[in-house]
Amino acid sequence: MLILECPYCGVKAEETELAAGGEAHLKRFGPGSDEDQFHDYLFMRENPKGVHFERWRHANGCGKWFHAARCTTTLEVFGTYSAQTYEPPQEIKDKITAKRPGWSWREFSDGAK
Amino acid sequence: MKRYSAFAVAREALRYHTGWERAWRSPAPKPHYDVIIVGAGGHGLATAYYLGKNFGITNVAVIEKGWLGGGNTGRNTTIIRSNYLQDPSAAIYEKARSLYETMSQDLNYNVMFSPRGVMMLAQTEHEIRGYKRTAHANALQGVQTEWIEPARVKELVPIINLHGPRYPVLGALWQERAGTARHDAVAWGYARACSDMGMDIIQQCEVTGVRVENGRVAGVETSKGAIDCEKMGMLVAGNASHLADMAGFRLPMESVALQALVSEPIKPCMDVVVMANTVHGYMSQSDKGEMVIGGGTDAANNYTQRGSFHHIEETVRALVETFPMVSRLKMLRQWGGIVDVTGDRSPLISKTPVDNCFINCGWGTGGFKSIPGSGWAMAELMATGHSPLTEEFSMNRFKEGKFIDESVAAGVAH
Amino acid sequence: MSSPVTATNGAQFTGIATVEDAGLQGMITLRGDLSSKTLKAAVKAATGAEVPEQRKISVVEGGAAAWMSPDELLLLVPYGDAVAKTAELAQALKGEHALAANVSDARSYFRISGAGAREVLAKISPVDLSSQAFAPGDFRRSRTAQVAAAFWLEDGGEEDSFRLVCFRSVGGYMFQLLAGAAHPQSAVGVY
Amino acid sequence: MSMRLAKQGRLIDRSKQIEFTFNGKRMQGYAGDSLASALLANDQMMMGRSFKYHRPRGVVASGSEEPNALMQLGTGDRYEPNQRATTTELFSGLTAQSQNHWPSLEFDVLAINNKLTRFLTAGFYYKMFIHPRPFWKHVYEPIIRKSAGLGQAPDAELKDADSYEHFYFFADVVVIGGGVAGLQAAKAAALSGAKVLVLEQNNHWGGRAPVDGGSIDGETPDAWVEKTLAELRGMQNVTLRDRCMGAGVYDHGYVLGYERLTDHAPGQGGPRHRLWRIRAAQIVTATGAIERPLSFAGNDVPGVMLAASMRDYVVNWGVTPGQRVVVATNNDDAYRTALALHEAGVDVVRVVDARDTGGGALMEQVREKGIRVELGRAIAKVKDGPRVSKVAICAQNGEGGAQEEIEADAVAMSGGWSPVVHLWSHCGGKLTWDKEQAFFRPDPARPPLGDNGAGFVIAAGAANGALQLDAVLADATLAGAQAAEASGYPAKSIPAPKGDSERETLMEPVWLMPAKADIKLRMKSWLDYQNDVKVSDVQLAAREGYESVEHTKRYTTLGMATDQGKLSNINGLAILADSLGAEIPQVGTTTFRPPYHPISMGAIGGEARGEIFQPVRKTPIYDWNDANGADWEPVGQWRRPFAYTRSGESRHDAVNREVKNTRENLGLLDASTLGKLIVKGPDAGKFLDMMYTNMMSTLKIGKCRYGLMCSENGFLMDDGVVARIDEDTWLCHTTTGGAESIHGWMEEWLQTEWWDWKVYVANVTEQYAQVAVVGPNARKVLEKLNAQAGGGLDLSKEALPFMEWREGQIGGFDARAFRISFSGELSYEIAVAASEGQAFWDALMEAGAEFKVMPYGTETLHILRAEKGFIMIGDETDGTVIPQDLGLNWALSKKKEDYLGKRAQQRSHMVDPDRWQLVGLETTDGSVLPDGAYALGNGINANGQKNMIGRVTSTYHSATLDRGIAMGLVKHGPKRMGEVLEFPGTDGKVYSAKIVDPVFYDKEGEKQNV
């Protein structure tokens, strides 16, 4: 039973107040995209063991979507942040780097690389 | 291999069971095999078994990170059924179900397949239509199912409450030849048979890398050293994305926790398996007397084999509603497994971007019931490059938009 | 013209707390830029209340404004004024990107009061309802058993008194839920 | 015999006698008794039968670890199987029955299994019953099932008479366990300022310490416990709960507390159990330790008990299980039992200490009492029977050649202690093997991790491996302070109380007694009492290659009984490790899973049962519908009338009547459940053009347009009428199920993809009661209402044309009227405020009487639309259908570059000309096609399945046409008009149906446009 802090209303909400929304920072491909782009956008998933970025909605609450950086093997939460961004904030990336040196996820990483 | 029988047990009893031999050998890996199967769960072992039995390929290693049968094979609710709606699903699950019927004899290991019948309750008009549709499809697919009325439901399941104030039982889809089996025994039985064919089951051996040469699989790096192979099959539920990553490709899949629980044992009170999808609960009674109860999947990625307790609550209240007596039983134990879920919630049994490397994953909640059919088909695919049973389950279907969506009839596919 | 009725029609139950249908209440959903001066003025004009801080409700005689999300308020006005006030808000906010909708009839409205009020809510909502954590003026949207709801603690008074808002269609469910949680022999004894 | 002692019994009140029955026999006990202590006081040593061999079983422990004394408690709607006698508080009128025997506890037919133990070893069923095949299901399995299973199932026709509830609580520190360690940890944490909750599973505090003796700060443990409790009760930041077990620890500091409120006083009112759902920053597990049995032959005979438990019975309840007791041990603690028995006047005939060097001060005290102590000795065997009668003693370091036989009626055994690490382990805390004390204890370096990545569980006292009183108190003080600090309160160091107890010498691991016991003895040495797993079984499993501890557990069923291996796991592990030639920590443990001790399903479900099992969503007209014959159909959480049946009328009759009346006169439909979303903003038009396949931005103010919504995967997911309200406002109608999901869908795109678009969405579904006024008389009734009110909205064909909407008063109600039709008839959908919905409906019914008004339900709605060939989301669509399949190309805007689902619909399978497409189907004989039937093609596919070329999506009897009509999806369907297809039914019949146009009624659309 996870708890995540909603960055919009500040509530430390438990899982039953939230709705999980899958992988974060997907880039939408519409008409004009090629087969692979569209396929990857809809179906290919990182599904990592470790650092993951995902979407949640504070469904039984303020109703806002937000992003969370979380470890899928320990369930540690590195931070939550606005859904209205194309990449995780530096502060959260730094926090992950401090705890999981060498991490990488899609195009994001600890910067050492 | 010494055969198991009542006579053998009696003979051994006289010498205090000192004469039993190992059920499977525990060999060190050889440097090279024709085929490496990664994952000694039900699917991996069944694939190895049918490679040997149907195609005479026995220079096979089955590599397992932990202990054989220690993943989802040993942590599911043991339901076996094939009343699926879509043709490809019905074909492979029915193949599996029919192989379960003779598995004890085939393997000379009692897997306790119990064709006690599986019933899926209809509790809304929409569900009635969905199950009637499935019954029609099954008739043409060669799967024996029937639509039954509430009175017959009560006859088969005396402990059910047909007249719940919220969702009265309006009928059910009934598959008489579906049932349950002893999950561990399936893995053990296959392991014993594989070992007997000369295959090596290598436990406590973790794959740390996949060697690909010129686009073709060449072997694996493991915690017990490098092992070469001609062909490789990946059958690692809950780890498939991770292993695919080692081989350099990605999967249209996510891993989530699925939970189950058992009650304390009570005397027999329910002879069939009941699934109630509207209220999200399903239940059967094990031979030990425990009520075996399945819950729902979490929505977020998770590799911990622990789920969120609210799913247990949802499941339990559904069962209390459907079977009021459950209220006065106690939960003995709850646990979780990691299931892989694809974009259409149907499995992948497929060639991969790496030549001679095959994948079988994404069974979601359907893993146990499909074991023998999956192994049979996977063996055929690996040995010959083609299997009609796996044709529609290829990775390409997501590009083409040719999905196999079972949720259309049942809501939830367990 | 008929007289409007609530979903639970004056229902009441007393156990460890008193649970009652709080009657018809004018409610307006207002979405917009909460930092906008125009919006603040419009809210003040409609309700007499200031735009509240995050997770707070500002209550004045005859009106209130509650923080629903970073771009949404729930305004409380007398039931009979809701249609007119909605129109006034829309007029006042012309030119701003905003949306005002009368939702007075879309809601059920309850009062939960008495010594056991905190415990009643704590049985159905995953919220810390201790007096250290939840004080008058706090406003919280959450889950109550299986439905969404918002509630706040009223100011003053001898004993705790909560107000709770949920969808009208589940008003009956909510009343049964609250009444069950207020069973006279179910005091937990921690709040 | 077992009996009540004249003295002792700190927990019982001898002035309050209590009557109860066991197996129909009336017995007496005292207030404060557990059922187990009361049974022992009545010389009822045998309390049950084992699972597999049906061997006689007596109580072996005194707490929740008890594997044997399981009872059927209560009767009727308060009956419950498998209740531990040890954790059941005695109350007046309690009725208990023992389990798993027939016909009686004393004479059990299935005890024959006991004679077959040589055959029924671990895993025997995997090797047998293989042939002949049908015998497993029909012969073997039923016999096996019946002989297993413990208590009888509750009566299926009775509903639980009790109620249950949940409670959410938040604390900085949750202390699990109210023994001296728990209380001291709580005090330390609370003094630092943390908010503390203490959970104690029993109805008394203090744990073992008051029984075990010694002193704390110079006082008796009892006195210290009382004093500390008073201190804690006086602190504002401390909450104490007894009868409340810490049942499980879950991710991110979630703890389940299981509070038993009325189990000791059934029927007193209020909830029976309360499930606490606690969120803690830190958890201290002060859960104590559990004593281990010794593995010797006959260690399961009734009368053989754990030494400390026997001491509990003497000290706590003033009961002795026997008159002549043999004590067997490998550690000093069991000597306390010898002393307690001696003090109570019971004859301790021998202490058998397996250690060659024996114990320390406690042993000396025992010797001083004149009790004979023998070192390096073991119990070779306890004579089989319903009760201990003879005990054979031998050398520990031998094979069990018995050297002396002692008459005795009880045996107290102690194989050492195991910390209760369950709650530490539930969420991933790791263990370390303490070689000296031969147990697993929590490894503080590897705790379970919380949301911040730091450990959130701290073990304290015996649960942390500290067994001596002074060590327990020091450890607990530290744990409490640490927990407070970790939850954000600066540590205040408080001195640990001084614990004083007899110094104990080291225990010596004894996994088998005697050490080289022969096979005959090993086959009688029990590890798991309930499941009948013996030393020989584990050895067999290891020999057969079931080497992993999980394999052994599952092969032998060790530790899978209702005590989940609390007594058996470590002993079994040690045997397994020995068999494999491995160290115990290498073999590892099985996984500890919640709950610590079984908890009721009722408590888990909480309040959600009966009427409030799930919310019922009700429209404003619900009560009227209910009172007027509504045959309810659940639609999501809503309930909608399927039809309004009149007395003497079948459902089918009612539907036919409603259809005909609506076509000929006037029908009313409660359409309030349809979703209504306001979409407003400068970018609203652009946004709706993305959400819908149609062009919505060009819709004129005052007009309506039917729209389709697809998922990004291309499939049709919702439909409804969209109305343009003003320049930047649209009102979107969704399906009944779609209101919340489509609202969420819109918000998702606005918040996560197009967050720079200026659009607000509000869900106003429940603001309105919406009534569809349908039929040739629709306008008449509305105009009559207006006439009665002295004017209102002009509803004429000219003022309100088809597919437009207007706002105004109708019959004095503020209303919005939509000229839309889902039936093909003249139709208005009128929205009024929900609070006035019933009044509006009443007005329509009253005014409509002269126009033959009737309400109609969802089935009539379906038939009316099907007669017109309109698709229904959920019937024609199932998540695999795209608009192109349904002939809805006209609704797919060709002008737009993009809409959700457009790219997906360009994929190869989506543009495949072989996709099944919508057609009408007409049976050749007028009958009704079966629901969901498939059209048969030629031949079979590669998997031997018959080829299908289409399916029925909707099928009805049309009262209007008096024949069956259907819609379906058929391969190349629209090109095959007139062709007859075959649909095999599941009833054995084959239905023939002709492919026709899906519009069956009023093809020109004249009726709706009048």
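Order of writing sets the labels: A, B, C and D. Residues in every chain begin at 1.
Assume a residue touches a chain if its C-beta (ideal position, glycine included) is under 8 Å from a C-beta of that chain, and two chains touch if they have at least 3 such contacts.
Predicted model, so just to flag it, every value in this text is computed and none were measured.
A comparison of the C-D and B-D interfaces places the larger number of contacting C-beta pairs at B-D.
Taking each chain's centre as the mean of its C-alpha atoms, chain A lies 32 Å from chain C. A straight line joining the Cα centres of chain B and chain D is 22 Å long.
Among all residues of chain D, those that touch two or more other chains are 250-251, 254, 277, 279, 428, 608, 611, 614, 616, 713, 904, 907.
Counting only residues that touch two or more partner chains, chain C has 126. Multi-chain contact residues of chain B (touching two or more other chains) are listed as 304, 308-309, 399. An unclassified topology is adopted by the chain contact network, corresponding to no line, ring, star or complete arrangement. Of all residues in chain B, those touching chain A in their complex are 241-242, 250-255, 298-304, 308-310, 342-343, 398-399. Chain D meets chain B in the complex at residues 51, 78-82, 118-119, 121, 124-131, 133, 136-137, 141-142, 144-146, 148-156, 158-160, 248, 250-251, 254, 256, 277, 427-428, 519-520, 523, 536, 540, 543-548, 550-551, 554-555, 557, 560, 562, 564, 591, 593-595, 598-602, 604-606, 608-611, 613-614, 616, 633-635, 642, 713-714, 874-875, 878-880, 904, 907-910, 930-934, 936, 941-946, 948, 951, 984-986. Within the complex formed with chain D, the residues of chain A that make contact are 1-4, 14, 21, 28-33, 35, 38, 42, 55, 57, 59, 63-65, 71, 74-77, 83-84, 99.
Residues 1-7, 24, 29, 31-32, 71, 83, 97-99, 101-107, 119, 122-130, 132-133, 145-147, 167-173, 176-177, 180-181, 183-186, 188, 190 of chain C are the ones touching chain D in the complex. Those residues of chain D lying in contact with chain C across their complex are 163, 165-170, 195, 239, 268-271, 274, 277, 279, 607-608, 611-612, 614-620, 637-638, 678, 680-682, 758, 760, 762, 764-768, 812-814, 833-836, 838-840, 843.
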